[in-house]
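For reference, chains read A, B, C and D in written order, and residue numbers begin at 1 within each chain.
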Amino acid sequence: MAVLIWIPVVLPLLLGAASALRRRSGWTLWLPVSAAAVLLGVGVALVAVVGSTGPLTAADGLLRVDALSAWMLAVVGAVAVVALWGGIPHRTHQGRNIGAFATLLCLFLSAMSLAVVADNVGLMWVAIELTTITTAFLVGARGGRGALEAAWKYVVLGSVGVAIAFLGIVLLSAASHGTGEPSLSWTVLVAHAASLDPALTRAGAALAVLGFATKAGLAPTHSWLPDAHSQAPSTVSGLMSGVLLSVAFYAVLRVQAIGDAALGPELMRGLLTAAGLLSLAVTAGLVITQKDFKRLLAYSSIEHMGLLALGAAAGGPFAIAALLLHMLGHGLIKSSMFVLAGRILGFAGSHHIADVRNLLRRRPDLGGPFLLGAAGLLGFPPFVTFFTEVAIIIAGFQRGLGWQMLVACALLLVVFAGVVRHVLAMTVGAEADRDAARTSSAPPDRPARFRQVPIGIALAAAAVLGFAAWPLSGPLLAAVAALGGVR
Amino acid sequence: MTPGSFAVILVHLVVAVLVTPLLIGVMRTVRARLEGRVGAGVWQPWRDLIKLLAKEPTRAPGSTPVLTLAPIVLMASSLVLCALIPLVSTVALASVPGDLFVVVSVLLVGTVSLALLGLESGTAFGGMGSSRHMVIAAMVEPTVLLSVYALSVPAGTSDLAAIVQARVADPISLLNPVSLLAIFALVVVVIAETGRLPVDNPSTHLELTMVHEAMILESGGRDLGWLELGSWLRLTALLGLVANLAVPWGVAPDAAPLSLLVGVGAVFAKLVVLGAVLAAAEVFIAKLRLFRVPELLAGSFVLAFLSVSASYLVF
Amino acid sequence: MSALLAPTLMDAGLLAQLAVGGLAVVAAVLAPPRARNLAAGGALVATGLAGAVTGVAALLGVEAGGVPVPVALPLTAPLDALVLAPDALGGLFMALAGVVVALAALFGIGYAHGAAASRTGWTAFAVFAVGLQLVPAAADAISFLLAWELMALGSTVLLLADHAARGPVRRATLWYAVMTHLSFLLLLAGFGVLVAAGGSTSFAAMRTAGVAGPAADLAFVLMVTGFATKAGLVPVHVWLPRAHPEAPSHMSAAMSAAMVKMGVYGMLLLTLRLLPAGPRWWALVLVALGAVSALYGILQASVQADLKRLLAYSTTENIGLITTAVGVGLLLRDSGQSAVADVALVAALLLAVSHAAFKSVLFLGAGSVLHATGTRDLDLLGGLAARMPWTSGAFGVGALGAAALPVTSGFVAEWVLLQGLIHVDARTDRLLAIVIPVTMGIVALTIGLGLLTFVKAYGIGFLARPRTSAAADAREAGVAMRTAMVAGAVLVVGLGLVPGPLSQALAAAVAATGVASVNGAGLAVGAAAAVLDPVALTALAAAVLVPLVAVNVVLARRHPRREVALAWGCGGERTSPRMEYNATSYSEPVVRVFRASLQARRAVDVVHPDSAPMIVEHMSFTQETADVVESRLYLPATRALARAGDLARRVQNGSIHRYIGISFAALVLVLVVVAL
Amino acid sequence: MSTQLYQQLLATTTGLLLLTAVLQVWGRTIIRAIGLLVVQGVALAGLVLTVGVRAGEPTAPLVAALVLVVKAGVLPWAMARGARRAGATRDNAALAKPAVELIGAAGLTVLAYAVSGPLVGEAADPALRAVPVGFSLILLGFWQLLIRGSAITQLVGFLMLDNGIATVSFLISGGLPLVVELGATLDVLLVVLILGALLVRMQAEQGHIDVPELRELHD
């Protein structure tokens, strides 16, 4: 069974190598997709296996898959399938260096898998830093000043943030000296939480959370995110927004588990609440007058990460289960939205909201799903995000974060207003169609039905997930238990 | 449901229909005399009515059934009003008591049918009259409800007959401030609802001041006859109500023929006196500008409101 | 738990609604365009009827076993499972929603065209209908919010349906979506407070927890504001006059007649079921909210020239009256006058039912007019009574109901409300002695202005001569639309004629005593010792009418009516229909009298020929009435928000040094916090 | 190794680290910044060796050699090469006055001592007592990132921050497991490589490597 752990780490590497070799073939871009599909498959299998036999370990305990890791693997796989499949450009639009592109995507997947299955905090840190490195090239892939600037900011801010996390890990490691068996293993740290040095744990956990929060796009260290997401190719934006942030947040959750076990929940709760509310506030402030639709989506990711942070701050099985499910729901919807945004960009030739009008009439194949996806992002039922948002807020109230949740609700309203305003401006309207002549004379570049499939699947899944009590409730509870259970 | 109450209703209707034109005649005559004219005599309204009812009405092509129905509805509502208000006797139908709110809504049915007729006429005048009429009706509404509310508080019911009976039983209450304020407010209401001076001038055809007349300007013949009679009946009913509330003696407490006879005599006397006073007063008042009417109505509303509050706070 | 899950007839009804609603979606998606209206609309009529039957059963006291909603989130203790199980009060509102949905869907079969008849349109309607009918079925906070948001989603999409045709749709949708979300978030927060204080999401457990004190106050404020937003009360009514006009008319009917009622249901749920022992000021808040809304709503309605906007503001008025009634009921319960309190609560429910009936007719009628003439502007209509007799008749009945004239449901409802008000014993309570008369005055003024409003709506729109060729060429609506309107009109009159049994059932739903049915049809208010028997009243009117009509017929035989072309205009010269009074001029006196609160802006533009400044060549007059709440409250708020947005952009000004600085500050802060 | 020698060596290496860090803030020429980085690398390697030998770690010389090669050799060399190719000799895009920069640096050093006090407590171990130096390096590295405008000097700031973390790591716990240490070093190398690649592109795109010019993406 332990081989299952190795597959998600190694297989993408192999496929990456393959795509580096077959760099111009039409099917090269399908290699990352298949890597993602394998991830999904392995993730689901691991969820089942871990559910029945308990956690698996490999490589002398360096790698370990418990219910939470298995869940995260499945999330990474599912979202990556959508983002990668949906992001495969039309044959005529494929660039020259697709080999390198596919290789980097595979490496990226491998790094994320490693981050999720590593039992060693240090190893996980290495993996997360690796994701920065792979995505840096992906962000800059399009070339041009914008991409360069975004990549520079991304790498500098990202690495500095992750370096802070490393400092935190160093301190955590030092804290474990007192236990007699210094270790960086999650399991050991959580198990020996009581005997960790409190001052060092306090500083270590706080710095680690701050560092990983940078990568997770939580305010106030979110600054790289809008630039990177808006400049990266849509596939990459979708992947980063849909899973990279979640994987980083997974690291936050693990650190939080240690901190809570060693120090009680107050410190982590305070930090995460502050980060969550700040993220919502930043989103609220910046969506109102937003002019760029990819940045709009990027800010929406910050908002959702803020919600996750609030959920983590609330804690407890209900909130944690909700935030894990939210990762999946948000990932699916957000990656489809970025894919759609990429197509809209191709169609309208501009990032600007003002340049995109009347999508629902001019391009119903883009406008319809875009509107639906926006509804999902805003938390309308039947999308799963509805349940998770409600759950997070209610859990927050239940666990004594009353006024924080009230503030969050107020900020959510502003975010809602901003997003709805812009989405409506893009999709509907009765204005005379400026480009009507052009679009009607040019042959409509309707994509094949086939290209709609991943988006359709993602949105449908996001709509159905909320009601899927049977397959999901068990694994979610198991994942919560893996984090230390009821606190 | 007794034969007595049927008899009472029948008496009410007959008295109202017979007396009303006479009352109008009296009022016109009083006014004419005071203005130094001879006047057409007290029977002239009767003569007008018979003449009008025997004449053919007209209709424009494309007009709607409202043209025909509105006069009948107005007439019917006025008759129901007369049946429900304790003019002669306080015996009421068990299932259709002269409930304050029912009475007001029946009154409003007439108001609305007049207003719709005004609009149906399809001219600027009709619409103008209708509009003014409805605004006044709307602004009168609070006063009506509050003033009778004030009167109903001591009686503990909204049944007008019961209120009148209670006032007979407790004559001291007639002179207390609650009662006086309410009655005064009610008088203003009656004036406004029936289109008397200073709210409306019933005898004007000056376009800028017309309210009631503007609405019925397009009607003629039988339609006009019904409209006139219906409007007059409203005056009778409301004046009768005010009279019986202010001076509740003489109203028959049962359906015995004798007391009914006394009741008829009493209400006739009260109506004639009140009508004459009203007509006399009208000689000395000028019509208010339309947009000062709300001030008058607001004043009456304040009186009514005070009377309600007073009924709770003072007594 | 097993008892809870035992299937009952009730559950079958609930599941049937879901199933038929799903069928409607399938029909909407699969049916060919020509058959789509019939298939999807038919299925939705069935959905509505299923809701009506289930609701009536619940109203009559049939116990619900509870239909569990499967959700992926593991609901661990102390949270409770999601369950649909309506009680009697919920049953009433479910039945109300069901009937309105059935009427609207029936109307939609004939009416829906363009985007409203598309797959998306009907699917959205189905989602809306199911959500709407299940809101009152929810037995816990989360399923309540779920149904609530389904309702919001469906209605938002439907509201968007006509976006391609008219510009204002987008703005209306934005307003609607934001206000709806405001309502949702407030409810979410309110439920959050209740769950935190009471320890459970189930309504039954919240009630037994007996939450009181500041938590209850906070929950009350949050949730009442949330429900008020949905119900369209001032000052959170602003979505209503924008959304109702722009939605397809059958949708407007469903929104106005049923959806806003869910706000009322919520308030009742909150004050009667979840937090039954609230302090006195809660009731006063409701009375104030209701009274202000009623007066403001009708004042705005009376000066509107857009028929559907007028109806929308009138909805604010009616919900205001309902809220006032609820508030008075609670106030009196608090004062120990439970008999009169019951009357007020029953009045609230009667007002809700009656409003649902007449407002659906009115909106459907307006839809029929819009369908036939292409305009909602009363100033361009006229003469429709002769051209569209069915529509005109139904709208007329609806207008009578809205004006609360006998013998309609509106009259009965307001009669009960007024009876409740005047029988309050305020002698010992100075607060009541002030509040009740003021309320009475406001209610009375509202009724008066309502009368004016609907006389205007009907008289200007349907009587006299058509003002434009669009109105002149109008044709009567098709069978489905006619049937729906007439069915609604029959309900308005039927409920007005036979209010007794309904009132009795309503009284049972709020555990009220003292309101009983008499003579089979009539209504007796025990506490007030008052009786209303509309049948007898009708009989009296008929008895009066018979001789009157007889005389009239005889006279008409003798002197038949003469048709004269010159009858219009004093029988004198031929006048143009443009010289008729129109809606704007009709409400001119109101604008003048209430200029302080209406803030009308007028412009008279006179053009003289160059040669002769004394001669008028052309003259135009425009008048705009503003929504004061909107211009004083919302515009500054949105401007402030935009300014805040501009300010926030400085955070993200593109300078990497600023970003590093922010991160650095965060690091230093965390270090300091950790070290201290 | 005698305790006195140990203390002496610790004092020398950490002192050198702190000195180079402050000097970094003071000067503005790029070549000098890179030179100081080399010195810092050497000092760090010395520190690693001292702590490792004292703790009796058999791998200590190996790790020290690795640190020396990477931090005092490869990275400065790569950066110097990058700077030569970009033709940059001086940081012209600095954002604050030298005095402000130095006062800030002093303040941050004090802050570092203040916040790391509670972490190490009243420890007798001289290594632990030197931990504040690591924190100073981290904060000064960040400071460098904040006040320097040239891409190269920003890179220097980042490396200094990294040196600081390494210092803390070695002083406080004698280093992390080898696999993590190797991974981390590899990551830093890769980051520097990427930034180098971006730097080359920056030079090609805009003709200079001043970061403040990168302000196109904003709201």
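By definition in this document, contacts are C-beta pairs under 8 Å (C-beta built on N, C-alpha and C of every residue); 3 or more make two chains touch, one makes a residue touch a chain.
Note that the structure is a prediction, hence the values are computed from the model and not measured.
Interface comparison, A-C versus C-D: the higher number of contacting C-beta pairs is recorded for A-C.
One inter-chain figure worth recording: chain A and chain C are separated by 42 Å, centre to centre, where each centre is the mean of the chain's CA atoms.
Annotation: 76 Å between the Cα-based centres of chain A and chain B. Between the CA-based centres of chain C and chain D the separation comes to 68 Å, rounded to the whole angstrom. Centroids built from CA atoms put chain C at 35 Å from chain B.
Contacts with at least two other chains are made by residues 152-153, 156, 160, 203, 226, 286, 289 of chain A. Among all residues of chain B, none touch two or more other chains.
Each of residues 118-119, 142, 145, 211, 214-217, 219 in chain D touches at least two other chains. Here the chains touching each other pair up as A-C, A-D, B-C, C-D. Residue ranges on chain D touching chain C, taken from their complex, read 95, 111, 114-119, 139, 142-143, 145-147, 149, 211-212, 214-219.
In the complex of the two chains, the chain A residues touching chain D come out as 62, 120, 122-123, 125-126, 129-130, 132-133, 136-137, 140, 145-146, 148-153, 155-156, 159-160, 163, 166-167, 169-171, 173-174, 177, 182, 184, 199-200, 203, 226-227, 230-231, 286, 289-291, 295.
Considering their complex, residues 118-119, 121, 138, 142, 145, 151, 154, 158, 161-162, 165, 168-169, 172-173, 176-177, 179-180, 183-184, 186-187, 190-191, 194-195, 198, 201-202, 205-206, 211, 214-217, 219 of chain D touch chain A. Across the interface of their complex, chain B is touched by residues 383, 385-386, 392, 403-406, 411, 414-415, 418-419, 421-423, 426-427, 430, 432-434, 437-438, 440-445, 447-449, 451-452, 455-456, 458-460, 462-465, 518-519, 522, 528-533, 536-537, 540-541, 544-545, 548-549, 552, 555-556, 558-565, 567-571, 575, 577, 579-582, 585-590, 592-593 of chain C. Touching chain C in their complex are the following residues of chain B: 9, 13, 53-66, 68, 72, 75-77, 79-80, 83-84, 93-97, 99-102, 105-106, 108-109, 111-112, 115-116, 118-128, 130-132, 134-135, 137-142, 144-146, 149, 152-153, 156-159, 217-218, 220-222, 226, 290-291, 294, 301, 305, 308-309, 312-313, 315.
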